Amino acid sequence: MPIQVNELSKHFKMFKREAGLSGAFHSFFNRKYETFHALKDISVQIEDGEILGILGENGAGKTTLIKLLVGLLHPSSGGVNINGFTPWNRKSDFLKQISVVMGQKNQLWWDIPASESFLLNQKIYEIPETQYKNTLNELVDLLSVQDKLNVQVRRLSLGERMKMEIIAALLHRPKIVLLDEPTIGLDVISQLKIREFVKCYNEKYKTTFLLTSHYMHDIQALCKRVYVIHKGASLYDGDFEKLVNRINPKRKLIFEFSEIPDTNKTKILSEKYIFNLNDTILHAELPDKELTNLVSELFHLGIPASITMEDLPVEDTMRSFFMAPEKFLE
Amino acid sequence: MVDMVRRYFSLWRCFFNNSLTRDLEFKANFLGGLIVDIIFYGIQFFFFSIIYSYVNALGDFTREDVMIFLVITFLADTFYMFFFSGNLFHLNKWMVSGDLDYSLLRPVESQFMVSFRYVKSYALVSIVILLIMLITLIIDYSKPIGILNMVTFAISFLMGTVLWYSVDFIISSSCFWFKNFSVSGWLSHEILKFSTRPDSIYTGILRKVLFSIIPMVLIASIPTRILLYGPNYHYLIGQLFMALTFLSLTRIIWKRGLLRYESASS
Amino acid sequence: MNSYLKKYFSVIRMTWIQALEYKANAIVGTFAIFSGLAIEFLIWKQVFQAQDLQEIRGFTFNGLMAYIFLCMIVGQLKSSWATSMEMIDSIRTGEMNKYLIRPISFFTYHFMMFIGHNSTFYIVYTTVLILFPIVLPGWAFPTILHVIGFIAALLISIYLSYSIYFCMVCFAFWFGEVRALVIAYNISNIVLSGQIIPLRLFPDSVRNIINLTPLQFLVDFPVSIATANLPINLWIPKMGMALFWCIIMTVTGRVIYRSGIRVYGGYGA
């Protein structure tokens, strides 16, 4: 189901309240409203089987975009076409093909076992018995939660609960799945498990995933392409690695000599490159090309005991990006 | 059409099973709910017994009639609780917290979802007790009450429930317009109070209002009259007309409300 | 103002701002009073007319209406029902850990919350009560002394009512879900404290039992003072009784709370 978004805009009327007690009194009698532009002219196309990461700071408009895509909101202008459906008409046939997982909300009942909620979903989505059984077994196996099915949801750990939420969301084999912060609050291992699962499921069923996450590792591991929203407007649409490289093209090098190198030679080298030398260990953070040149010159200085090259942490990179996004995109 | 009815019925059964599974987890709820109900009934009986210690009849309603009327108001209340109170009462909360989203994302009529999703299964115990009380009172009534009375009463009672559902639904849905309308449950409760007193006390404009715009007397008073004084087709047709009108009104308001719905941001 | 009071005053102020934001509360509260009054008016009108009565146990029709009207107002002012539900929830879900780790008392904090919640009512009903003797002179508040007596009794009633609710809320430490208990109490006290029918119209046997409980001080006492149904020489002894009950309920609440906090599991968190 290809998704086509055309010049989508959404604004809200917001109740403006003056601060303090006198402000409360004042607005008790006379309310003022102001318009807030949550989304401005968003256009994007998403192909079948893609995993698209939607990035943006809090309040950038990610959730508004997702809500428009699943038809929870009516846009102020513009349109969305998902395989011929307009989401906000909320046709049954459309709703049966999508699913939403929100990390901060749960659709499962707190006080009953997850399996009971799954049965309810079977009825709601009219899933035939055999298909239901097969899908459930498969998902339960993939996420290895066999022994947790009949435990009250409130007794599950956060990670297990999220796995159950995901099963509930995929039982009807949706073609499009929206994951809104699916790994929020989870420990590193659970995050990893969920990431692996999404990747594997996407490859097997060519399901389209739209993912928002504050964990850049989620995005890095899953999304080739990202769509960046900033203050309601589209900022970047394309390859994630390229974006990261554009923001911070530097890589990190740790070069360890087997013996202390000639100080004269290193001095000459330090005029060309920026690095740190501590006895036998050299640290440098440089753009890719310079780094390769540096390495080849270092070989002339002595035999390395070890060489490590790594990317700078993506979290830091994106943080500096959102502090001043315009700077990187010109 | 038949398929749809069957589908929605089986959905409701699933809601019921879900709710029962949960309620059985907290056995105290059954006991607690029952005790609250019994105290509530007792207090209402006490109220009327004081009133009737100073008077022989309120309009047509004698002491004996009022006892039956009271049981019918309890039955209407408990019946309503069983089906709807776990849902409509929370509509505002769901809206503010954004939990309503999940109901709207289902390929099921959303009004059905928000009206029937949670069943207060423990109200069943009270319903059974009340039915036994009602039957005992009918048998002991000074005049014989025929089958026709009982059948038309049942119909009238159901239409009363539909009406009360519709009024409460309209009040609850106003949270779409008022943003945070946390007092809707309280407002409904205060309006429902009019149904818990025999219609003979209402006079003048108030009486007309309670028969039309806020049809509270159609919930318990009219069914009681039909049960005790025989079927009155004038009332029955009026009730049917009102029930249909109000039910269609809920559809319109729900659809309008959804258009306005701006789900709480994350 | 010392810092101790300031802390709690800021709680009131917070809830106050919140309450003002939703005028609906005040509107529905007023509607509740007037619709309730309308129903009572119609029922008692029928009673008086049907039997052609001039008075029932010393109440003229007008006197009865004034009494019931004031009862409804006092009833709403003293009801900490909503706050109690919040307290139960916070014990049940472990939310109350928040208070335990802060230098703030659970009892006092929620008392202030309750005052704050009701603040819109205070504004509306103070206006109503000031207008009342002006619009309907002679129905209530015959002298300024009655006004003072009423206010004193009302303050006692608000505190007493809250401390009774508090005792019940504390059972949540042992049983978790005690809403049913609070709801049951709430329903019964509406009638048994004389909020709908004056205690004086109750059968004597029931009245004798109620007089052994603090229920008589919740609504009937302040309203009887306001409507001059209670001889002035009985005010002081009755006030003493009411204060005595306040002490009993406060101490009981403390004891239950202290032992409850020991079994408290700190669930959730």
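Letters A, B and C mark the chains in the order given here, with residues in each chain numbered from 1 onward.
Everything below uses one rule, namely that a contact is a pair of C-beta atoms (placed from the backbone, for glycine too) under 8 Å apart; a residue touches a chain by one contact, two chains touch by 3 or more.
The model shown is predicted, which means the values in this text are computed figures rather than measured ones.
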item	value
Chain nearest the overall C-alpha centroid of the shown protein atoms	B
Most widely separated chain from subunit C, with each centre as the mean of CA atoms	A
Whole-Å separation of chain centres (CA-atom averages), subunit B against subunit C	29
Approximate Å spacing (C-alpha centroids) for the pair subunit A, subunit B	46
Rounded Å distance between subunit A and subunit C, as computed from the means of their C-alpha atoms	52
Subunit B, residues touching no fewer than two other chains	26
Touching two or more other chains - residues of subunit A	none
Sites on subunit C touched by subunit B in the complex	22, 24-25, 28, 31-32, 35-36, 38-39, 42-43, 45-47, 50-51, 53, 56, 175, 177, 179-181, 183-184, 187-188, 190-192, 196-197, 201-203
Complex contact set, residues of subunit B against subunit C	26, 28-29, 31-33, 35-36, 39-40, 43, 46-47, 50-51, 53-59, 178, 180-183, 186-187, 190-191, 193-194, 197, 200-203, 206
Residue ranges of subunit A in contact with subunit B within the complex	12, 15, 59, 63-64, 67, 70-74, 90, 92-93, 95-96, 98-100, 102, 104-105, 107, 109, 111-113, 116-117, 119-120, 123-126, 152, 180
Parts of subunit B lying in touch with subunit A, wherever the complex brings them together	7, 10-11, 14-15, 17-18, 21-22, 25-26, 97-99, 101-102, 104-108, 110, 179, 259, 261-263, 265-266
